[in-house]
Structure formats: structure tokens, C-alpha cells
Amino acid sequence: MIPANFDYSAPSTLDEALSLLQEHGDEAKILAGGHSLIPMMKLRFASPAHLIDINNIPDLSSIKEEGDSFHLGAMTRESDVEHSEALTGAFPIFADVTKLIADPQVRNMGTIGGNLAHGDAANDHPAVMMALNASVEITGPEGTRTVGIDEFFFGFYMTAVQPNEILTGISIPKQRGKVGSAYHKAERKVGDYATAGVAVQIATDADGKCTYAGIGLTNVNAVPMRAKRSEEALVGSDLSDELIAQAAMMASEDCNPSADLRGDEEYKRHLVKVITKRMIHKAIQRAK
Amino acid sequence: MTKIRCKTSKEIGGMGHSMKRKEDARFIQGKGNYVDDVKLPGMLYMDIVRSPYAYAKIKNINSEEALKVPGVVAVVTGRDLEKYNLHWMPTLMSDTQMVLPTDTVMYQAQEVAAVIATSRYAARDGKEAVMVDYEPMKPVIDAHKSLDADAPILRPDKEGKTDNHIWHWEAGDKEATDKVFNEADVVVKQDMYIPRIHVASIETCGCVANYNKVDNHLTMYMTTQAPHAIRTVIALVAGHVGLTEEKIRVISPDIGGGFGGKVPVYPGYVIAIAVSFLTGAPIKWIEDRTENLQADSFARDYHINVEMAGTKDGKIQATRFKVLADHGYTDASANPSKFPTGLFSIGTGSYDYNNAFMEADAVYTNKPPGGVAYRCSFRVTEAVHAIERITDRFAMEVGKDPAQLRMENFIKKEDFPWKSPTGWEYDSGDYHAGLKLAMDTVGYDDLRKEQLEKRAKGEWMGIGISTFTEIVGAGPSKDFDILGIKMFDSAEIRVHPTGKAIARFGTKSQGQGHETTYAQIVAEELGIPAEHIQVEEGDTDTAPYGLGTYASRSTPTAGAAAAMAARKLREKAKKIAAYLLEVSEEDLEWEPGKFFVKGAPEKVKTIQEIVFASYTNHPPGMEAGFEATHYYDPPNLTFPSGAYICVVDIDPETADIKVRRFVAIDDCGHIINPMIVQGQVHGGLTQGIAPAMYEELIYDEDGNILNGTLMDYLVPTAVESPNWETGHTITPSPHHPIGAKGVGESPTVGAPPAIANAIVDAVSHLGIKHLDIPITPFKLFKKLKEVGAIS
Amino acid sequence: MTMKKITVKLNGAEHSAEVEPRLLLVHLIRENLNATGTHIGCDTSNCGACTILLNGKSVKSCTVLAVQADGKEITTVEGLATAEGLHPLQEGFKENHGLHCGFCTPGMMLRAVELLENNPNPTEEEIRWGISGNLCRCTGYNNIVKAIQYAGAKIRGDELPSTEPEFV
């Protein structure tokens, strides 16, 4: 349970952190909540030569409502998200997802930025951010750029964040009309990574017609994935039970789960189908 | 529920009082003393290099780089130990096990070399730098293939071994049983696998070995449930290098849960001793959780074929059991020596029939050695699972409600003592009362109605019963020994002049609350307040010899010894009281805490006065002081029982399983401390739901463990664990001095079949007759798919 | 590797130490500062035996670096009782038989401190989810739930629930 040795710095400004990254290049890793990184280092699956701890940089942790979007600082802890009434009020999906991520102690440390930057399809926030159509702010030596969530994940542990960059924030647009969201994952026991998880956000207009559908899937694809066909089927429709069932079926067909101890492909596809259906209904029910 | 009656006042706190635990004060304030808290001057730390392969030749171990790591002092290999003939050790089952290998590794995570360093961190770095060159071989992983003609012989080290068979065992009357089977109306059969699981106590194993060269004396702090037996084993292993038994002191400090996993001797302990012996420095070794799950203390791993024969109206007539036992690389069980399958032969159950036959064969495979008696009197869990599952299968086959079928087949209360078809003499029981209480509590008839209504709506719920008979308290010396040492246990009571006492035992609590319950037994017998009786265990230099705590044996053996030693003292007290009151012994009457003259209660001597007199004014001719020791050799085992009912709800879309209710009625005879007994039951039930629904050690065909961490080995949390509802009936053991039977393992033994039966019951209308544990939603889903019940 | 000088306040007392950056907080507490009430039960951040309060928040000290605690306040089981006596949780665990071997207990109590701070009157369900990062292999959790309910009542100043075992 003991990591290999490394050097450590804890800069107090973003600029300082960026120049340290520049200096140490590939050898360095950002330390955010540390609850994916340190476990890997303890098992010596990762042995970075230098850790740049960004916990002491002020202003990276915040939840702000800015006009028609919410802005989350990268270092916002899961427990901050969980306890933010503004955020969970607007997006009940955040109450759903945080409850299902690990356990309270992990959530006191784990950050929302780290959850995305880790680039693991087993993490829960990627699917949620897809459902919400979030965009990610990335800051590097050249300044800050914004990347849509669909362009963020590249592969196993690979994201749009370059070795000399830091994920600094996440922006979540508020959809118009009646909006509802929900998340659920099947897990072997509480705190486990998902066997399969589904995040859904639905918006409808005054006539009950679907104006927005966002569906993200957890741990049923090599990279976090959006159930595109399902979304397209729903948008513009009146969200009939039948259509919802079809959309759920599409999600289960389009994902690419691999067999592991949590289940085989058939089981996971089945779960995607059932949970997608249930979450769409729940999102609609919650819409306000 | 039977009411618990107390003979003593609350102040005395004898049996039946829910006295708060005396040991808690230190634990809640962070002042427990667990082995990793032991720190000695000059102590070095050990970490262990482990095999990535299940079966491989070791071509070379290169320690050069490791020795360059700052802080690393030494790297020890099997070749090093071989020089002192310390590279092999006996197991408790008289098999043999490598301490460190000289040429071949036999299972993944086996110890290969030890790195000694000045800190934990340096030892870990050194381990990373040890280079081992292996030549992997094709392992034997599937127990069923272990006896195939082309299977490699895994133990050529054992003279004359030409296959991987370890032993064959039988019980019961084959011929008579076969005859009943041939003539029976109904025969049901089921193959089942009781998976390999792990005790996963929250504290792992570890030790600090401190050899003092000057005195030629070893002090061994270690996580052991059986300190005395371990001292003897160490003497057997290391006697030839001068470590004879009087030179060894084993101290078992506070233990963070044992459950049977801390009975065996693991190689790490022996390596630590060897290194301390060679270097003269104290050596600390504390396993990581991953090492603990991957290399130590597996339990179960029984492949069972069970059959039941009976009449078409539901009378059980006979059972047959055939077992294939996977012991991994060596038989490192902790069974009584004459019982290779432990007490599996209790598997005929709580039912009144006369014919049974059981056989078992054990095999070697390339998996870690075992299996330990995980909260179990040696294979009782496996046996109970088999009989309780097959009883449900039988009920289903003859179309009878499983509760009714059990009621009709139970051994009747008046038929005890009852001779079982495999030769046990059940001491006492009232099975009908237990099941009735469980049914009334859970509202059985209403639940059955609800189930039918739900089924009509496509909703699934199930009700599962397990009515088990346990066998604990090993055991009578005519049959029971470990490595030849008889399985008695001991108590020594020493009462100080002011009437306060210290009592020492050969057992070792790992959370069971001995410091409180033993004090209560002594209080019951002597009337000295339990508050003033200090209990000590775990130090071989001070405690009397005993075989330790496991298999729910502490109360039946050491608890009995406490009562017997206290009774010796009461006899002495009576003599002193007679002397002081100037009456004859026959004129005295005892009431907890005092002797008084019959018909003249004002003429009285309290136990405190009597004790004081034993030091200040003892009768002429009598030995002074107030001390007694007793080694209790039980005349029989005790047979606790239980009736458990579990209610589950199943999501027909996802196959998710939720335990809605669980009612556990236990009968462990007289209860010493109801609060502690209930706590034991709660804990054991959670350890019962664990293998029923979550836990199993899984290996791939190359012998790689697939879930050797707590990320994937799914120990239930407070969310998985339901709110347990518990109660009791009380049928005292007629032969036990205080009528107690032992309870620690009942819930772990009894819960899995109740849960499995409930889940199968929920889906039985779909044609499902059996599911192996752990029954996960995934496993259930596959079965539902197979029968076309889920789309 | 460069050593780092850190200063932490453990249960109110300030300590400085020169540490390797990789030193885990749990080892700082147990080995350097000799407060062995905090335990280690796993190597994958699952068991919660190492739970402490870091600036008042419950965290798994096996998954935090000692250097990350620089300048912060740490509370461990040794810091729960005050001159007035046991902490309500300590009392709750003792009175309700909320522990057997005691190995998980310090972590369990520290976690519960924060749980009750955030939610002084939790339901059984909330308690169970609230301690889902702490494994106990001994108690079956029933009495841990009871212990936390008891402590909650005590902190709120409500009437204390019975500590007698309940049987069906």
C-alpha cells in the first residue's frame, strides 16, 4: 500500500502550477482529490516522478449560477456538489449521481474535475456531463480553451487535457422549457463502480414535445459514450412509452460493454435497456 | 421468546444480564493494542515478494538491486532457510507447507522471498527491486480435473504420491442407505458448489518476532486465535535450532477479528521468526489486505452432490452426500486431526430419519492452501447448506410447503438425546418451538398469501427457511485433538484478599467479549461482581494451556472450565464459611455472594469475607489462598439450533435482489449475556448474507485470482446488510455445567441457505430449482434468461 | 527525493515533521505521531478503518498524503473525549454494543461525527448510507446504527433511546 517516491509541489497560483507542469512535462501529474491517483500509486500501477498538488490554488472550487448556465470549478468536491441545493435543485441528477459515487469520505476528497480528467469510462460524471451537454474549460500556457464534452474523452485514461494543461472548470447549460434529469447505475454493492449506468436529461416545451434529450452511459464502452440514436429518436417526439422503450433498446444496442466480473455483455446491455427506460421516465416525471 | 431469568442481582452481573462490555473502554478511546501497534526498539520491517504465477519453476532470484535500496538490510529466500532446515513447516492437518520455496511455486501470491529493511517504505521498495526469473507451468485449477490421468502430480515432495488425492472419508451406513434410496417413492438430487471465500477480518494478519540472542528467548506478538497451540507448533518447527517450548512466549494482543482466519500458521510468521533468530532484531510483518485475501485463510470450497429420499407425502427417509474438497496446494485446514472433513457429518440435519451415507475426497490444486473453519465448526456451514437446500428441493418435489414439511420431519423435543445416522448424539433441542416463533414473528401465512397475489401481478417475492442443527464445542478428548493435543480448554481463577479476582483462559477473544462473559460466569458461580473480575487471555507465559477460540468452542469449553474452577472455589468457600460460622457444611446454604446458616439467615459470611479469611484466617490443615484451575474436557459436543426466515423481493426487470426481512431465532441454551449473544448473531448474519449474495474468490484457468482486493471482493456494507430481527428459544445443554451451547457461528452457518431458499422460492414458479451461492443479480439474470423468464 | 517539512495539529497539539512526500497521512499519524488508534484495514481505500477528520471533514487517511495535511487540523479517536468525558459517539458505541473487535470502531466513529454534524437526526437509511465507506466484519451493523442514533439524541439533547437489546 506504499507508493514509489516522487517530488511534490503545492503551488498557490494557477500560473505557478502551469509553469511547474511545463517544467516537468510528462513526468508530472496533477493531484486533485487524489482518490483515483493515490490508489493507483499505492498499488504501483502509477509512479509519477512529480506531483503538482492544486488543492492550494484558490478559486478553483466554486459552484456559480451564471445566467443560463452553471459553472463548476474543477476542484469542487463531490460533497460540495451533493450539498449544493442550487445545483441539485436545478439538476436533480447531481443528487442521484453523487449518492452513488463511492462513499462519503471519498466524496469529501474527490473532485468533479478529477472525475472527468481521469478519463475513465467507469467513472460516473462523464455520462452525467454528456447528458447535460457540458463543456470543459482547459487552461494551458496559451490561456483557456473550451472543449465540448463530446470532444473531451479520447481513450482509456486519455482526455483532451494535454500534459501541460489543467482542467479548470465545467460549464453546464440550462435547457429551456420543462427540464428534468436523473441518473442510476447498477452496482454490485454500494460504492462500487457501475456495472452499467445511465444519465438522462430531458426538456419539453409547453406542448409536451421533447426539445432536448441527453443520454450518457457509464462503463459500457471503452470511453464514456453518448446514446446518440436514442437522443435523436426522442427529440421532437411526444415521448410516448413506446418510443421511450425504443430509445432504451437503441442505447442497449449501441453500447459496447465488455465482459468482466460485473457481468457479461448480454447482462450489461439488458441493464442499459432497463435503466435507460427508467431514467427517461424519471427525468420526465421530474421535469419542471 | 423464552424469557431469560437471572439468578444474580444486577450488581453481581452473573448470567443473563446484558452487562455492558468491559473491554470497550480501551477500544472506543483508541487504546486497543493490536499487533501493528507494537513497536520495539531496533525493529526491522519485512515485506514479502510473492509469485505472479500459480505454478512455476523458480530459475533464479536476484536480490542485487534490492540490496542497493536505501534501508534494505537483507533479502531472504528459501535457499537461505534451507540451511537451517526451516524452509518447510507442518500444517495443523499434519500435511506440509513451504515456508519459502527453494525451486517451485505452487499458487499465485505464494511467498517467494522476504525483504528486511529499516522501514516499511524501504521494505516495499526493496520488494519491487527483487528480480525473480520464473518458468511458468500449466497449473491444476479445477478440482474436478485434479485427479485426471494427465494432471501433473503437484506434491512429488510427499513420498510415494502418484496423484493429487489427499484423503478419502466416509460416514454412515452405505448399504442400508442405498437400499432406502432404491426403494423410495421420491429421490431428489442436487449438485452444488459452496464457493471459496475469505474471512476478511478487518485487521489482516501480522506479527512482531523478537528473538533475544542473549537469553535465547523468543517473544512472538501475533494475530493468533490459538496462542498455545502456535507456541507448540513453533517449538516443533524450530526446536532443532534451540527454540524449545519454554523459550517461546506467544502473545496474542487485541485481535481485529479472526473468524478462523487467524488459526493457521502462515509462512510470514515463520519467516519473521527465522529472520529475527538470525539477525537478533525484532521483525515486524504486517500483511496488506491484498496479500491477506490472496494468500491466507480461504474457507469452504466444497463441491457437493446431495440426494434426499423420501415418501411422496413428504417424510424424509435418507440422505447421501458426496463431496469433492479443494484444499489448494496443501491441506492447511484447522480441523481436529481425526476429522478431515471437520464435523460435516452433522449434515443429516434437524430431521428424524435413520439412514445416511456421506463420503468425501480431497484434492490438491494450484491454489492457496486451506481451508480454515470460517466462523464454523469445521465444515458445518457446507453441510447445513446442503441439507437445507435439498430439504427445500424435496418439499418442492412433493408439493409441500417447506415450513410444514420441516415441522413434520423434525426430531421431537422428547426424543433427545438423539442419535444421528452418522453417529452424533444431539444433546437437546426444541425445533418445533423455534420454527413456530420464527413463523409467527415474520407472519408466515400472510407472506405466503402476499406472494400469490404478487405473482398474479408479475411481481416476485420469496420466503426462505433454514432450520439448522449446529455442532460446537470441540471437543471430547476421546475423539478430538489437534496435532495430538486434546481439545480441552482451561480456566484459572485467582481471587485476591479483598475479594477481587483475575481469571485467565486458554482461549483468545477476537471481539467476542470474553473479558465480560467469562467474568459473568465466574460472577454467577461465586457471587463476586463481574465488574471486579479481570479476564486475561492470549499470553502463553501467564494463561493456562488451551486450544484457543474458534468454532464457537470458547463458551462450551473455557466457559465450562470457568464454571468448574469457580465451583471448586465455592467448595472451598463453603469449608471456610463453616469454619468461620462454627457450623457444619451441611448446615450452610448458598445464595449468590454468600453462605448463610439454614434457618438463620443473619448468620452469614459473604464471599468477600470468606476470601479474606482464606488469606488471613484459614482453617487449620487447609491450603491458604483462593485459587483454582480447571481443564475442562467436555463429555459431548453441544448442539445449538436455529430457525431462520428470510423474505426477498426481486425486480423482475433487472433481477435485483433485496432482502426485505430476516428473522433469526436461535437456541444456544442458557444465555450468558443477551446483548453479546445478539451482537454475535447480528454479525454472523452479515457474514451469512456475504457468501449468499456477494462474496466468492474467483480464479481464472491459469490460477490468477480475479478479485483479490476489497474493490472486487465484496464485503457487505451497512447498506447491503438488512436490519436483522433476532430472538431465541432456550433449551439448555444437559451436559454443560451452565447449560450453554455456543452461538458465534450459528448465524453464519444458518443464514446462507435461508437466503438461497428465499431467492429460489421467489422464482420457483418459473421452473428454477436451484442456484449456487453467491446468488448475484447477474447470476440470477442468466438463469432467468435460460428459462425464458426475462426478455 | 526532497523531504518536506510539515506542521499539523493533531487533536489540538501542533507537531512538525520532516517527511517523504509519499508518506501516507495514516502512517504519519500512526508511526511518526504514535497515535495508533487509527487503523489500516485495506490497500484500496475501501474499508474506512483509517477514517479521521481533516479540518473537520471525514477522510480516509490512507488515501491522503501527509504533505497534503500541512497546516491542517487532524482529529482522531484519541481526540474525541474531552475533559468532561466521553464523546456522545463513544458513549453510544459502548452502551449499544456497537463494537466487537474494535478495529473498525475509531474510523466508524469519526465518520459518524461528520454525519451527525451534517444531519443531526438521521433516519436509519441515512445512517446506513452515511457509513457505507466503513466496513465492519463483526457487528452486522445493527448496533452501529443504534449507537449513532443514540449519539444523535444525546447531541440534540433529546431523550435517550433504550440501550437494552430488543428481541422478537
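When the chains are written out, they are named A, B and C in that same order, and each has its own residue count from 1.
Quick note on the criterion: a contact is a pair of C-beta atoms (placed from the backbone, for glycine too) under 8 Å apart; a residue touches a chain by one contact, two chains touch by 3 or more.
What you see is a predicted model; the values in this text were computed from it and never measured.
Asks: Tell me which of B-C and A-B has more C-beta pairs in contact.
Replies: Between the chain pairs B-C and A-B, B-C carries more contacts.
Asks: Based on mean C-alpha positions, I'd like to know which chain lies farthest from chain B.
Replies: A
Asks: Distance between chain B and chain C based on Cα centroids, please, to the nearest Å.
Replies: 29
Asks: Using mean CA coordinates as chain centres, what's the chain A-chain B distance in Å?
Replies: 44
Asks: Give me the residues of chain C that touch two or more other chains.
Replies: Those would be 20, 22, 40, 42-44, 46, 129, 132-134.
Asks: Give the residues of chain B touching no fewer than two other chains, as numbers and ranges.
Replies: Residues 120-121, 288-290, 711, 717, 719 of chain B touch two or more partner chains.
Asks: Pull out every residue in chain A that's touching 2 or more other chains.
Replies: Where chain A meets two or more other chains at a single residue, that happens at 1-2, 4-5, 43, 190-191.
Asks: Across the complex, what residues on chain A touch chain B?
Replies: For chain A paired with chain B, touching residues are 1-2, 4-5, 43-44, 186, 188-192, 195, 261-264, 266-267, 270-271, 274-275.
Asks: Touching residues of chain C toward chain B in the complex: what are they?
Replies: Of all residues in chain C, those touching chain B are 20, 22-23, 27, 30-31, 34-44, 46-47, 49, 76-78, 80-81, 86, 90, 93-95, 97, 99-106, 109, 124, 127-129, 131-145, 164-165, 167-168.
Asks: Mind pulling up the chain C residues that touch chain A in the complex?
Replies: Those in contact with chain A are residues 1-2, 4, 20-22, 24, 40, 42-46, 48, 51, 57-60, 62-65, 67-68, 70, 111, 114-115, 118, 129-130, 132-134.
Asks: Please name which positions on chain A make contact with chain C in the complex.
Replies: For chain A paired with chain C, touching residues are 1-8, 10, 31, 34-35, 38-39, 41-43, 51, 53, 55, 79, 83, 99, 102-106, 108-109, 190-191.
Asks: Would you tell me which residues of chain B are touching chain C in their complex?
Replies: 1, 18, 20-21, 23-32, 34, 36-37, 39, 120-121, 199-204, 254-257, 259, 288-290, 437, 441, 510-513, 663, 665, 674-676, 678-687, 709-711, 715, 717-719, 721, 723-728
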